[in-house]
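Consider the two complexes below, in which subunit A is the common component and subunit B and subunit C are the respective partners.
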Partner chain A sequence: MSKVKRKNNAKNNLIRPIRDEKWQPVTIPLVAILISFIAAAIVILIIGKNPIQAFYNLLQGAGILPKPSYAGYKSMLTDFLSLLNAMTPLVFASLAVAVAFKAGLFNIGVSGQMLVSGFLATILVGYSGLDAIIAKPLVLVIGMTAGGLMGGLVGWLKYKFNINEVVSTIMLNYIAQYVISFFIQMYYIDPVSRQSQYISEAARLTLVNVEMANLKMDLPLGFILAIFTAVFLKFFMDKTVVGFEIKAVGSSRNAAKYAGMNVGRNTVLAMVISGGLAGLAGVTYYLGYFASIQPKVLSSIGFDSIAVSLLGNSHPIGVIFSSFLVSIIEQGSTYMSSQAGIRQEISSVIVGLILLFSACGAYLKHKVSSLKDKELDQKESES
Partner chain B sequence: MSDYIVEMKHITKRFPGIVANDNVSIGIKKGEIFALLGENGAGKSTLMSMLGGMYEPDEGDIYIRGEKVQISSPNHAAKLNIGMVHQHFKLVSDYTITENIILGVEPVKKLAGIFPYVDIRSANRKIEELSKSFGLEVDPTKKISDLTVSMQQRVEILKVLYREADILIFDEPTAVLTPQEIDFLLGIIEGLRNGGKTIILITHKLEEIKKVADRCAVLNKGKLIDVLDVKETSTRKMAQLMVGREVNLKSDKNPAAFKEEVLKVEHLNVKNEDGFEVVKDVSFTIKSGEIFAIAGVADNGQVEIADAIAGLTKVSGGEILLNGKDITNESIRKRTEAGISYIPEDRQSFGLVLDFDLSTNLALKQYYREPFAKKGILNKEEFEQFGSSLIDKYDIRSGQGIKTQVRSMSGGNQQKTIIGREIELQSSLMIFVQPTRGVDIGAIENIHKMMIKERDQGRAILLVSLELDEIMNVADTIGVIYNGQLQKIASSESLTTNEVGEYMMGAKHE
Partner chain C sequence: MDTIIIDGLSFALPLFIIAIGGIYSEKSGITNLALEGFQGFGAFIGALSAVLMANASGTDIQNLFYVALLFSMIGGMGFSIIHAVLCIKFKADQVISGVVINILALALTTFLTAQINSFVFGTASDKFQLGVSDRFTIEGLANIPVIGAVFTNVYPFEVIIIVIALFAWYLLYKTKFGMRLRASGENPHSVDAAGVDVAKTRFSAVLISGLLSGLGGMCFAYSISANFSSNIYMGYGFLAIAALIFGNWRILPTLAACLLFGFAKSGGAFIAQSMALPSSFTDLFMILPYVLTLLLLIFFSKSNRAPRALGEIYDKGKR
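What follows is the complex of A and B.
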């Protein structure tokens, strides 16, 4: 038969695994990840290193695979717990972006919302002498409230004055960054570390250096909450009237209004939820993963979360997996660089590539369906 | 052989899932008006798009002036002197008529032999001559934004004439015009033919064909049914061939039985976003069992009246009473619950959430209350059951049943979805805005029947339409709007189509 046909058949075999539309939300990100790892492997080859070894080291560093030797009190388990500790704020932050996105809003201000809630929780609870049993829940409540209010402000500005949320969140990021940096440097600075003073152990959401079975582990309490939150959000978006309205407003503001929904209220509400989640990201970051705040710096998590959420299809459960993957690459990079002699920055390149290719998901989807159509045409003309 | 200027032989064109043209062969003679008749989706536009260079046929050949050609692009079509006047105008509103016409083929002169510039003056002159010779009456230096719709259409015609087309394709040219404007346009088309041009007219309006066309090809579901001599064929016969069955051009309806007053609009004023008053002191009432139609040229405030009653637009003055209750400042949801169903003009951006599935869209106005939701938790089974029953009841066709994404459905089925949903609300007032726009003649008949059935069941119906035929056909009472004011309210029997047309133009004052 003709060459063209054979070529088409080859193409069809290639796309077979991602043909089923039902599974595309899962398969397409997987294909994107696969392509990006191939691209990353090429980059590593170009700088003269072995990509297989590099990826292996990456997994070892993140506590997924065992290292050949461990320092005292350390094991694969402790590495894995550190991974979860680092991943927790990213899950919350990505959920924040995902919820806003469902409502048709782009929350670029996760970093600012994280900083404000982290700072308020730090000065209100972190420096108080409260008991752990009161302090820890209080940190969560303050984080959620502060973030929610800040998000709500953005939603209200959008609804009332039609101020684009991208602009207002970016501006609020700057305001938060510099105002809080002023207060830290004036009142809360630790002259040695040049960061804010450390918070009390009682207020911290990660239990540090817990000794168990001859190991010293970090237990991220927020991680469990993050998983529960994701599951709850899935239920909330799929099964509740409020979630339905938020999605409808996100899909079509006009149709939502026409159907009798209160578009303004839903816009504000979605931003309150998004901000609240960003607040949780803030407290698990500044009062969990860290125990202090570096002035004049916005956490990169707020921006990574946009891409992580995209990779996870803005789906709460998908976000858990995409956060997991990105955290592995970032956590494992130190070990990779010491073992394989590859600079740590390469891990950022890999993350960048994944996100770049995941953004091509829509293109992949389009390509697959057009190939399917062609195949149908072919079958028709044969018969 | 060569008495045909255009010949299309055994043309087949497929799109994913459908065959748009199936082995169609037509021949068009030089200097005739050749009409293409068919329902929406019959394949008229596809066939002509292949002549205009937008698509290439999968099978079959095209001969222009006896020579076999492959028309690969609109530019190529222009080289073959084929020009298309599109249904949707493609004009730059800040440019003058001349600037729009010469766009892409600007006459360039060189200043001092070096610096190139566009020779607007000679272009103006040329367009003026062209305009005069075909009776188009336009001033080439005017800006597009200052022109009426019918003037803009003339610019589109001039555009193809300027490119020296002698085969002109008109794609549904009368859809946006008033009766008087239609007459004028048909006059122009005849003038073009008498000037030696060959005209292809795509339309689904039979009376236009009867008026000007020489011959007419009827398409149905992609297949050529027949080529008719217009003078010797009755309108009824053409309609029958087009739909493939007997159709009632005139809706059968029982005499209206008006009962109690349902809607009362008093001294209504509405301002648009720029603060201009677009509805001025409008008052009318609709009774149970009455179809009240607002006739008018597009953008004269009729859509704003409907939006104001449904609550989508704020009222700047006046009162709206539903069943005696003042609803002027109620929320949209309260109005829906008080008994208003609304079939909006823009069904895709207002009437439906395109990314949601069919069952969700069918429940879009009831999702929040029992049995669809209890204590804030949705009951998906209830959505599915309700959706399935409505699909059967209103014959909504879709690829994957209730799970189909509404975006992928055809326009006609999207409209059925909205109408079905709104009828199910059992409201005392139903507002239909342009309910039959863009749906085919079979569906139009069906929609009219549904409206009349709802009327007979005692609902009050407000119909806003730009199609005068539709209004004359179904309305019991007609209100004619011009420039935001109701010019005339009278029973439909007491008005002729021409009278309504005159009121629509603001020509007739009492």
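What follows is the complex of A and C.
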């Protein structure tokens, strides 16, 4: 066998798993994840630790694999439930980014929208003493409305005044952060925790310390809603006229305009939906995962969600899987750092690397198709 | 009044140099949301080299200010290679690449700062202490009423920034290189037809943006925060982007936008202080620059025009 041919064969074997175009949306992120874990393993080796053990601890900490011992009332199940609890706002936030992205918009303001809706729901319902049966749905409605309005404002500014949504969302993030910090510190501060006062259990979207089978677990109610929302969004984007128009505007504004679609209305609408989803992320975060708000801090979920959504190809179902993965890495990192002695911060490095490699996905796709073309040419010339 | 000008300038000028970096990149046709990451990574490399050198030679870290500035530029430029390669060679979506780079910069520098602190210095700290750089006052000029404040308590980096900004202006508007760079963002095909390598031009534009952003980040680290930590990611890069869009992708209007920003910020802090309000009220005045930007954008955005080929992947075969 000639050298060239052997080299070609090796190349083919290497790219075989990602050759099928139909599966590329799945296989390319998987390759990116694989490469980044290899890169992370190298980093861990350099600082003199065992990567296999580190990754194993990561899964143990996230409740995927059993730990050797558990504290009272804890088990693998409780760990897994707190993973889902942490994952819920991330799913909503990533869906928010994904919807905006489909419309060709870039919602960097998820954290601001989360904060505003979480804050409003906290002061309107969280401190009200309403019964759980009214309070919980009301929290969701307020969250969705507040986020939707804020997202809509961004869409309107873009459509009406040609203000780049990246700039306006960043400005609104800062404004929300400072204004809400002011109100919390003036009226709602808990002097001990230096955060806003805790909300009533009735308004909280996560049932905490539920005793069952000798375990104390946290049941994230929002998680079920998050899954339903993702499935619904898939249906909405693929099967409805509105969803189609949003996507059309996203892929080409001019073409959509020529086809008689109302670009402005669709821009605003996409941002309303995106903001509404961000609002749901906000209430499941500040009134679910937490029960209070820390002033002057924007949650990192807003930026993580951009990443998660990209990794999931902005596809609603893909987003569920990618947020599951990112949540595992982030939830498991505490246990990993205590067991393996590796800094917790490495988890964000791993996530960053995954993103970096998945951003190269387009190139990989391009390379694979050009290799295929070359192969065809070769076959033709041989025959 | 004087403090408004002094603090305003020391905030506006680093922002301005980052924004110039952004202008270079965007004028060449590469959308650059990665400025935030560039300035943070540049500051990280600058701070790291200063800390290491101070440790090795035993000199005071204050004296290594210029060394830090130099290395921050190298660091920012080095990190910007990622953006350039992703956008130009790998043809990745430029917005995505920018966001990814920001996330990666934050993660990497936070991790490395803690790791290096514990490995090299044996301390459990997540920051490099730098201190605030010395300031100087030009006697004589400083006594002029109002304008005198410009020459009072000046950070040395402000002078450096002005010199570099002048050069950057000259390079972009008065040289062949600058003309080609701007043309790459408007009509890359004609640039190509004229026998100029579009990819190379854009590559160097992104590198320049990394270099200038790194410098800006280092200046923030040496003045406002007095150390390097993850607090450097305060959104300066995004503010710079807002400023350059506000300035319509031109250097002089962008300077005006940055100055407005700086003075609104220091002005807000001054008002809150002079009215002797409780500290929580300062938060309310902190929103001043952001509200002002939004309002002004409402009035000025209509006439804004981004470079025509901005964000488009250049494909030679496409006409």
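Please note the rule applied: the second predicted complex is superposed on the first by the 382 of 383 C-alpha atoms of A that agree within 3 Å, B and C clash if a C-alpha of one lies under 4 Å from a C-alpha of the other, contacts with A are read in each partner's own complex, and residues count from 1 in each chain.
Simple rule for what comes next: contacts are C-beta pairs under 8 Å (C-beta built on N, C-alpha and C of every residue); 3 or more make two chains touch, one makes a residue touch a chain.
Keep in mind the model is a prediction, meaning the values are calculated, not measured.
Of the two partner chains, neither subunit B nor subunit C is touched by A:R194. Put subunit B and subunit C next to each other and count what each touches on subunit A; the higher total goes to C. Applying the stated contact rule after C-alpha superposition, one finds that A:Y174 touches subunit C and leaves subunit B untouched.
In the superposed pair of complexes, A:S252 makes contact with subunit B only, with no contact to subunit C.
Contact with subunit B, but none with subunit C, is seen for A:T240 once the two complexes are overlaid on the shared chain.
Once the two complexes are laid over each other on the shared chain, residue contacts for A:A307 go to subunit C alone; subunit B is not touched. Judged by the touch definition given at the top, the superposed model places A:S348 against subunit C, while subunit B stays out of reach.
With both structures placed on the common chain, the touch criterion links A:F182 to subunit C but leaves subunit B unconnected. Residues 33, 82, 86, 89-93, 95-97, 99-104, 106-108, 110-111, 114-115, 119, 235, 238-239, 241-242, 245-246, 280-281, 283-284, 286-287, 290-291, 293-294, 297-298, 301-302, 304 of subunit C are the ones that touch subunit A when the two sit in their complex.
In the complex of the two chains, the subunit B residues touching subunit A come out as 14, 16-17, 310, 312, 331-333, 336, 342, 344, 346, 349-356, 364-365, 367-368, 373, 376-378, 380.
Residue ranges of subunit A in contact with subunit C, taken from their complex: 47, 106, 108, 157, 161-164, 166-168, 170-175, 178-179, 181-182, 185-186, 296, 303-304, 306-307, 310, 343, 345-346, 348-349, 351-353, 355-356, 359-363, 366. For subunit A in complex with subunit B, the touching residues are 239-242, 244-245, 247-248, 251-252, 254-262, 373, 376-377, 380.
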